[in-house]
Structures are given as structure tokens and as C-alpha cells.
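Read the structure below first, then the notes.
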Amino acid sequence: MSERVAIMTSGGDSAGMNPAIKCATDYAIANGMEPYLVYDGLRGLIDDKIKKAEPEDVSGILHRGGTVLRSSRSKRFFDYDMRAVAYKNLKDKGIGKLVVIGGDGSFNALNQFHADFDIPFAGVPATIDNDIPGTDYCLGVDTALNVILNSVDSIRDTATSFSRAFVIEVMGRHCGYLAMVSSLACGAEICLVPEIDYDLDQMGERMRLEKENGRTYLIAIVAEGVKMGDYLTRWIGDTLKMDARLTVLGHTQRGGSPTVRDRIMAYHFATNAIDSLQRGETSRIMTYQDGVYGTTSVREVAEGKAVMGEKLLKLCSPLCR
Amino acid sequence: MSERVAIMTSGGDSAGMNPAIKCATDYAIANGMEPYLVYDGLRGLIDDKIKKAEPEDVSGILHRGGTVLRSSRSKRFFDYDMRAVAYKNLKDKGIGKLVVIGGDGSFNALNQFHADFDIPFAGVPATIDNDIPGTDYCLGVDTALNVILNSVDSIRDTATSFSRAFVIEVMGRHCGYLAMVSSLACGAEICLVPEIDYDLDQMGERMRLEKENGRTYLIAIVAEGVKMGDYLTRWIGDTLKMDARLTVLGHTQRGGSPTVRDRIMAYHFATNAIDSLQRGETSRIMTYQDGVYGTTSVREVAEGKAVMGEKLLKLCSPLCR
Amino acid sequence: MSERVAIMTSGGDSAGMNPAIKCATDYAIANGMEPYLVYDGLRGLIDDKIKKAEPEDVSGILHRGGTVLRSSRSKRFFDYDMRAVAYKNLKDKGIGKLVVIGGDGSFNALNQFHADFDIPFAGVPATIDNDIPGTDYCLGVDTALNVILNSVDSIRDTATSFSRAFVIEVMGRHCGYLAMVSSLACGAEICLVPEIDYDLDQMGERMRLEKENGRTYLIAIVAEGVKMGDYLTRWIGDTLKMDARLTVLGHTQRGGSPTVRDRIMAYHFATNAIDSLQRGETSRIMTYQDGVYGTTSVREVAEGKAVMGEKLLKLCSPLCR
Amino acid sequence: MSERVAIMTSGGDSAGMNPAIKCATDYAIANGMEPYLVYDGLRGLIDDKIKKAEPEDVSGILHRGGTVLRSSRSKRFFDYDMRAVAYKNLKDKGIGKLVVIGGDGSFNALNQFHADFDIPFAGVPATIDNDIPGTDYCLGVDTALNVILNSVDSIRDTATSFSRAFVIEVMGRHCGYLAMVSSLACGAEICLVPEIDYDLDQMGERMRLEKENGRTYLIAIVAEGVKMGDYLTRWIGDTLKMDARLTVLGHTQRGGSPTVRDRIMAYHFATNAIDSLQRGETSRIMTYQDGVYGTTSVREVAEGKAVMGEKLLKLCSPLCR
């Protein structure tokens, strides 16, 4: 009997999950495995929403945002008895391996599951926050960045027409990656992120000088992690005497049809995950670091710290003060 | 000497203003007039930011959002002495007529200007709120609707992936047009607008029934005019026991490259405005009503009330209860 | 027993078909009918690819281009015996009425079917060619126009960068509607369509004058019906001494997520089609003319001639010479 | 006096040129240089279309496709006397260094110019063909890929609706990179590129098998370099008995607003180019290889050969037979 592998998505959704599901499924078949699909994430493992993958399940999904397998955050999975139920569900179907597409929380949960029941898994990093240690890239980031870009380009139309300041809050939890990259890409004048100390006094001086030299509008991008959206908006109004508005981009950043980059990264990560399982490894997380695809251990992910590129920090620093 | 006409934008910006500027300029030349451009709206009239239109001023702007002439809201223009300055600026350049692209507030200001100094003007309705009496369409509406559509389609990716409710607040000031049309176009389950009484009890019943029949996610679109975004989000969480999030779309709705419809409507409105001035009329506002292009008086705009189509109200009513 | 109605798409696909399918299905249920879906168009009627519509069949399709029911052009349907098979398939399922979403060829086929077996139908006009007599609008046109717009805006980037002429051939069969509207919306310098005589000598004079006045690039849009793409490209190279390239936009024009306008028109046409059948009418085609929704007879469609708006012809005439 | 550097674009245009122009200009100023802009490429060097860069020259261009400096292919620059004119133009303005954004042809021209007159230059690779030896990435590639993606996703709507085969020809001159990456990203069934031998017999077998298993449509992507578009389209019709259409995507691939990736790569390449000149280097071409930014010599570019990644070739091979 050919080896059976179940594919699932877990945690917050991101663009690129669907291509990863499709590629993992197709590549598993091409390599002699029998793929299964788990619906509703960890909850679906417990509730037995597991089915054999048919071609039509993953057909026509490459260009769709979100995840057709749906996702969830399941507290029940912290409970050993519930994990035992999940294990039984897999065992009953002869499934011995797992591919999980998600974030570090999901990887830890699966690692515990492996410790309990010896079910090997491979992890595909997928989160728009781009904050998983050991990899420079997580699925969904490029799509999120381009969604932000289009929104900021639109807002700039209004800003320039009306001589206004716009403060735009982007996602990323505790990580400023989305804010920093989109600030550079959009040519924002101000960028506030958790990774860099800001200096409002100096910033005020800089902007006043620019205003004197003819600047009539202003775009500021703030990471949600700094919780400065409201404050900065008022500050601009009070200090720079500009009409300032706050826009919180919200969940539009998670969706949208995956970009080429997210589809191609999904291709690499998903095929590497199947390869890892076929080599007999377990608890490896797929990575892309310094231009090279590889894997790292779930422990290193759990204990590591996402490192922001030096050059990115250097390029953004002038925008923080 | 050929007749001189000044073209300006005023009030909130909207997509379609740039095509209107270009078409009015080109058509004025083709009809033997000499077009001028006023920068910064009413403020620019007072501050004499008025220049002869050169081809390069309006070249390559058809596809750009916002307004290259910039806009403003000017309190000074309420002051007769300031209007007298504006009049002198126009008179010094031999400009005897005006095309103003904007909303009803701007039309009223220009009408007062006409009463004071006998400068005829023609108005092109442009506001994403679509709330100008006497016309079914204002420039910028179609672009705003398609921006909303793309955002909601993106959010739906996340909603379906995560079994979540999303409440999306759209613009429109006191008018529910954007909310109603986008609700139909996006297939929203709930729509709250100022024009229709809502019934939360009945809505709760309806949604509970749908949940029992398998509904796992929910999209609600609310007009900013009802000020119900926060409340509805909490209500969905409390009453329907769904994880609910609020997204305020904000100023992305104003921008973006104008759609075909906004460019074509701009073409019609702008050429009709020049025609109106050449017929010797004044204070006429361009309209599109029941499929026919025409004009109405500024008084009818000021005293009238924007009427929402019966069919639109009927189609949306089930979404309000 | 509630009345059963089958919904189908036929002929060339266009954006807006999916929203029409969904709206017709939902509205039929809301009005006490039992909707069925026919897959593969006329061929599916013969081959009995007919099934009761379940909510999941039409869920999540509003934003998708093409038609989930698929379409076809069936020669077999010209054969009475085959139509008899189709009739038996419907009768066996108790289906007594049809909604067909497609073009005039499909309407004629269904009209013959009605003459043979007395199965009433209602037609929803859907074709990007916008050439169905009796209606100003067919589903898919607005989406096609915006796809063309985006392509031409992109090509203009290259044209202006490189001082080049681009000839862009757009769809429309014998009808120049897409070419004319997109020429206005994109600010094309030249437009060739079947409806307007062109004058290359005069055009050459006009363009030479513009070149002398500083024009460095040129966009020409030609309707496929005039078959002039290759010739015009060479003519521009030879006569105007400009580096000229031809781009045939092709089938990208048919696809894409439906715009707001196509979704809203689909809503109106589909609900009107169900209303027409419930009023006991047959062989009525849904229309939108001079801003008013209505119906016309299939005969008038068959014998009529699509009339191009006078104003559109007048606005485009200068681009043809 | 601060050092003067001229910035120019040359050769075929691509998205990302404008961000590179803006970043090079801003970064030069920030590093104490005085930037100049050359319009019309090499031709502009000869014709003295060179001006001091003012902030407004590069303001608001980050999101625009093409190049605001325009480009050209100049035969006159092969002539020493013409180059001498170009040198005099630069010398008269005190310009001693050049940044050229373009392809290998342009780099060679500038290298000859350097050999003649000792004007150091730095090259920024920009071409959608992605065929410059020594770098894995050239500006414009990511934008072109996403334009192709959107077109193919649109065409797929039609293909699935109508049970059709579509052959889509993409750019790339002699290089199959665009075709290969877009084939993976779009899930194409067939991909023909110059780098991989194809086997039509085997391909026929594979597709016949898929047809028997239910495949009703087919997407084939061919690189323009193989010149197989027409032939493959007929072959599909004849051999697979499917209705097949050819779409040549053409110049839409060059344009469009630059993606985040192209803007960020432009940032890195442009700042690195200024750094290279300030280090006193000459004739260095900016590179990104195996995830690392660096430089290579113009000789290595001229004599090298673009190497296609092994993994990409391996992933695409099954699509060629």
C-alpha cells in the first residue's frame, strides 16, 4: 500500500495556501503517495473532516485567495484526549504523515502531536506577518504587499489632490516587515515599526522643512504593532497643521489572488515538504534563506527570533525620525 | 478674441475628475474657446492660481485618479471681498465663463459668484456619494464601487477560509447608494443604510436559520451614514456567536484609475458643460437621468432631494431585516 | 407542485453569466419556483446534463468570469430529432420553462424549440459584442471594456517610453462598439470600426500635423470586423515613419471577474427573466434601452439591427479620418 | 563642487525603470552627488537632452510603468564621432559619471564609451526577458509575470467555460524564463521553451490520457523564441481534436504599474549603482544572485550566458512532453 499523507492549513489564512495545497497534492501523487485533505484545520483533525484527495478537490484553486481547506484556531487540540481522537481518525484511514501549512503556533501544536503519537509532519511557513524564525519568506507576504501597494497608490491620488496627510495602518502583528517594505515601495514619507526607535521631534523638523520646500501632502505607514495610528494622525494635525486621516487597511490584506511569487514559493515549499517526509524526516519547517531553499527544525523556529534584514532596517531608518 | 473659459475642480475628489478636465479642455479648443485651468479649487480662484491650458497640462491624465488641478474647501469664498478678488483675477485674464467639476456645495458657491459678478458657469456632478439631486450618476461612483468590490471579494476569501463574519463600512455620507449597490454586487448577507429601516430581531432570526442550514461565514456592508459599524460587529458576535471583524474601507474608495464608465460619463458631462456655456446658459448642472443626458438648474439641485431608485430599495430591503 | 424552470448558458461566454445564473436561481426559489441547471448549453439539453439546483451549485460564483454551467455551440440542436430528445429530458423532470443566457443565435434556437414543443423561455442578452438588437447593453460588455482599458493603459506606458505607434485590435465581430468606447476611454488617436467610413489620406494629414506639434507616440484601436490591423500597422510605418506594432488582445477580453455594472445588470436581467416567465410570457428577451429595463420579442431581435448611438458615432468620427 | 552623475534608461522599456530612476536620483543627492537626467536614451546623450534633476522630475513616478526618461535604440552611438558629441555634452555640464538602466546591449555601448572617453558607468539590469548573464533578476520581470498571470487566469475562465484549448505566446526573446515561471504559476498543461527539447508524440499521449480522464480544456504557454504558436495551435486541433485558439500577449507584458518586488529590486540596484560609482569603480553591472546583491563586470555579462535554474528546468520538463 502506498504511503498516505494528509494535507492541512492552520492558523490565520494567507494567499498562497491554495497553491501550496494543490502542489503538495499533485506532487505527492507524482511521488507515489496517496494524499488526503483535512478540512477546518486542527479542529477538522479532531472532528474527522478528513477525506481522500480527488483531482477535482484541488482543481481551479491556484488563483484563489484564502484556503479551500478552511482553517481554524482550536483550543481543544491543547487537550491530550482530543489529540488522541485526532490520532485515531488518522490511524483509521491509514494516514501516517502530515503536511501543515500555517504559522509557528500550528507547527508547535503538530510537534506536540508528533511527540505524543509519532506522526511525522513537515511545515510550510504561511503568514502575511513574515515573522517565522529561520526563513526570509512566508507564503502570502508578496500578495499582501501588493494589496497594500494598490491601496496606498489609490490613497495617494486623494492625498495629492487635496493636500492632505494620510496615516495608513498595515498588518504584521509584532513585526514591521509589511510596513517597512511597503513604505519603500510606495515612497512613504514616514514609517513607524516596532523594530526601530522613532523620534517625533526630529520627524517634525524634517517634515516642516519639506513643507517649506513645497511638500503639500504626506503618506505615513505604521505597523499595527506600534499602536500609533491614532496618535500619529492627531500629531500630524497638531504639529504639522495638515488635515490628516487614518486608514486601517484591515483584512483586505489577507486576501486576493496569489501573486506569481506566492505561487512559485508555494510550489517550492510544498514539493520540499513532501520530499522531506519521503526522506523520513519529521518536524522540519521549509525555509528560504539568503536565496536558498532548505529546512529547519521546529525547535529552532520555536526558540528563534525572526531577524529583520540589516539593509531593510538601514533603508527605513530615515523614515522613522 | 475667442471666448475664455476656466475649468476647475472643487470639493471632495473623485475618480473621473481628470478625464472631465481633459475632455472639457479639448472640447473647448475644438469649439473655438480658449480654456484656462484653475488650480486648488475655490482657493485658487482667490489666490490667482489660474493659467492658460497647454496640451501638456492635460496630456496623460485620463487614467489617473484624483484631480491634477487639485481641490480644496475654501471658507474664504463665503466672504464677498474674497469673491471680488477672485472675480478680478478672472477679469484680468479675460475669462468670462467657468466649468466647475464637484458637488452641490461647490455649485452653490459658484451660483453666489454668478449672482455677484455675472460670471456664468456650468456644473459637472462629481462625488462618490452619488447624492446630487436631479442626476442618477455622479463621476467617481463606478470606480468607487469597483474598488469596494475588489476589497470585499478579497475579504470574502478570508471569511470563507475562517468561518468568520466581516462588517465592512463604506463611504457615502448620508447616502446609502454605495452600500446598497455593492451589497448586491458582492452578494452581502446584510446591508444597513440610512434609507431603509432595519430590524435586528428579524435579521437575527434569518441568520440563525441560515447558520443552521450550513452558513459558516457572513458579509455585512454598512453605509457610514448609519454609524452602526461597531455596534453591528458586536451584535453579530453576541447574538450570532460568530467571530466578527470590522473593516472601514476609508479613502481607498476615492482613488484608483477611473473605470471605463467614469471616463465615458466624464466625456458626456464635460462636452455637455461646454455646450451649455456656448448656448449662453448659466448655472446649469449636467445630469444623466433615466438614461438621458440633460441639464438642471442649480436651484433644483439645491432644493431637491436625491431620490433612490425604487427597484434598488426593493432589492436591498431583504438585506436590512 | 411548484413550477420547474431550467437555467442555461449558450453561445460565446462573457463575464456576467455567473451572476445571472446565481440571481436567476435565487430569485426563482424566492418566487416559489424550483430551479434546475443545464450544463454544457444546448448540447447538455440533448445529453441530459440537467440537475436540480442546490445552493452550493451557485454559491461563491458571483465574482468568477466565464460560466460555471459551461457553454457550447451545438449543431445537433438544428435537428428536430435531437430537439425531441432534449424535450423528453426536460419533460421527464417536469421542467416546463427555460431561462437562456446568451446571444441571438441561442435565442433563435430556443424559439424554434418553443415552436416545436411549446416550452416557454426567457432570454438574457449576454455577449461582449454588444450587438443584440433591442437592447443597449449585453452582459459582459463593461468587463470587456475595462480589460481592454487596462491593456491599453499598459501599452501606453511602453508607447510613450519608446516613441512608438501601437495598433490594438479588439473584439466585437461585425460591431465596433468595444472599439469606439475604448477609444474614447483610452484617448486613442485613431479608431477604425465597420460603422464609420475611414479616410486614410485625411488621417495621414492629421497625424503628420500632430507629429510636427510634438506628438511622439500613437495609439490606434481597430475593431476586428474591419480586418485592418496588419494593414494599418504597415501604413503607419510607411506613411508616418513611426515604429509601429500590432497587438491582438484576443480572448483575455472575454474573461475576468465581472465588474459592478455587469453584476448589477445581471441582477436586473435575471430577475426580469423569471418575472417574465411567471407572467406567462414566452420568447421575451430582456432589454435595457434608453435607461429603462424592459423586454422585446425574439422576432424583433432576429429581424432587428443593433443601432449604434448617434452621439457615440459623432464622438468617434474624428478618430476615423 | 559635488560630483555630477547622469541617469538614463536605454533599450527596451520595462516596469521598474521609473522606481530605479527615482531611487538613483534621491540616493545620489543623499550621498552628496548632483544628479542629471538624460532623456531619450543614447540618442539623448548625442542630442544633448540632458538636464539637472529637480525633485518634481522624479516625483510621483514610483507607480508608473515604462520610463519617464524615455528610451531608444540608437545606431548613431556606434559611430565614434557621435560618441564624441555625447562626451562633449556631458563634459560641458561637468558630468563625470553615468548610471544606465537597461539591457546588455546598452551596457556594451556604455563600455565602449568608457573605453573612448573614460566616463565611468554603473549598469542596472532591466529587461523583462531576464536574460542578462550574472544576475538572477532583471527589473520588470515580476511585473511582466503578474501581467501574464492575470491574462492567463482570465483566459482560463473562457477555456473552462467552453471546453477549449488556448495557446498563449509570451515574450522573452530567446529566453524561456517568462514562459516557464508563468506555466508553473498558472498551472499550464503544456510549456514550450528554447531551453528544453519537446516531444510532441509523448505530449499527445499524455493529453489524450488526460482527456479520457475528464480533461475538457487545456492551457499551453509558449515562449516567443520557439516560434511554435501557430504550429502548436493547429497540432492541438488536429491531434487532440480540441477547438484551439492562439493568443499572443504582446506589449501589454512590458507595461503596468511596477509590483512591490520590482520597486524593491529597483531600490537595491539603484542605490548599489550609486555606491559602486562612489567607490570609484567603473563598468560594474548590479546583480542579484543566489539571494545576494553584488556586482559583476560588463565583460562577464557580455561573454557570459544566462543560466536557467536547475530546479526550474526540472519542474517544467514534464510540461514539454
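To keep things simple, chains are lettered A, B, C and D as they appear, and every chain counts its residues starting from 1.
Quick note on the criterion: a residue touches a chain if its C-beta (ideal position, glycine included) is under 8 Å from a C-beta of that chain, and two chains touch if they have at least 3 such contacts.
Protein names from UniProt, one per chain: A, B, C, D = 6-phosphofructokinase.
Here the structure is a predicted model, which is why all the values come from computation and not from measurement.
Where touching is counted per the definition, chain B (6-phosphofructokinase) and chain C (6-phosphofructokinase) have no chain in common. Where touching is counted per the definition, chain A (6-phosphofructokinase) and chain B (6-phosphofructokinase) have no chain in common. Farthest chain from chain D (6-phosphofructokinase) (centres taken as the mean of C-alpha atoms): B. For the pair chain C (6-phosphofructokinase) and chain D (6-phosphofructokinase), the distance between C-alpha centroids works out to 36 Å. Per-chain Cα centroids separate chain A (6-phosphofructokinase) from chain D (6-phosphofructokinase) by 28 Å. A straight line joining the Cα centres of chain B (6-phosphofructokinase) and chain D (6-phosphofructokinase) is 39 Å long.
Residue positions of chain B (6-phosphofructokinase) touching 2 or more other chains: 153, 156, 160.
Shown are all chain pairs that touch, namely A-B, A-D, B-C, C-D.
In the complex of the two chains, the chain D (6-phosphofructokinase) residues touching chain C (6-phosphofructokinase) come out as 9, 12-13, 15, 17, 40, 64-67, 70-72, 147, 151, 153-158, 160-163, 166, 216, 245-252, 254-256. Residues 22, 55, 60, 62-63, 136, 142, 145-146, 149, 153, 156, 160, 181-182, 184-187, 213-214, 257, 259-261, 263-264, 267-268, 271, 289-292, 311, 315 of chain C (6-phosphofructokinase) are the ones that touch chain B (6-phosphofructokinase) when the two sit in their complex.
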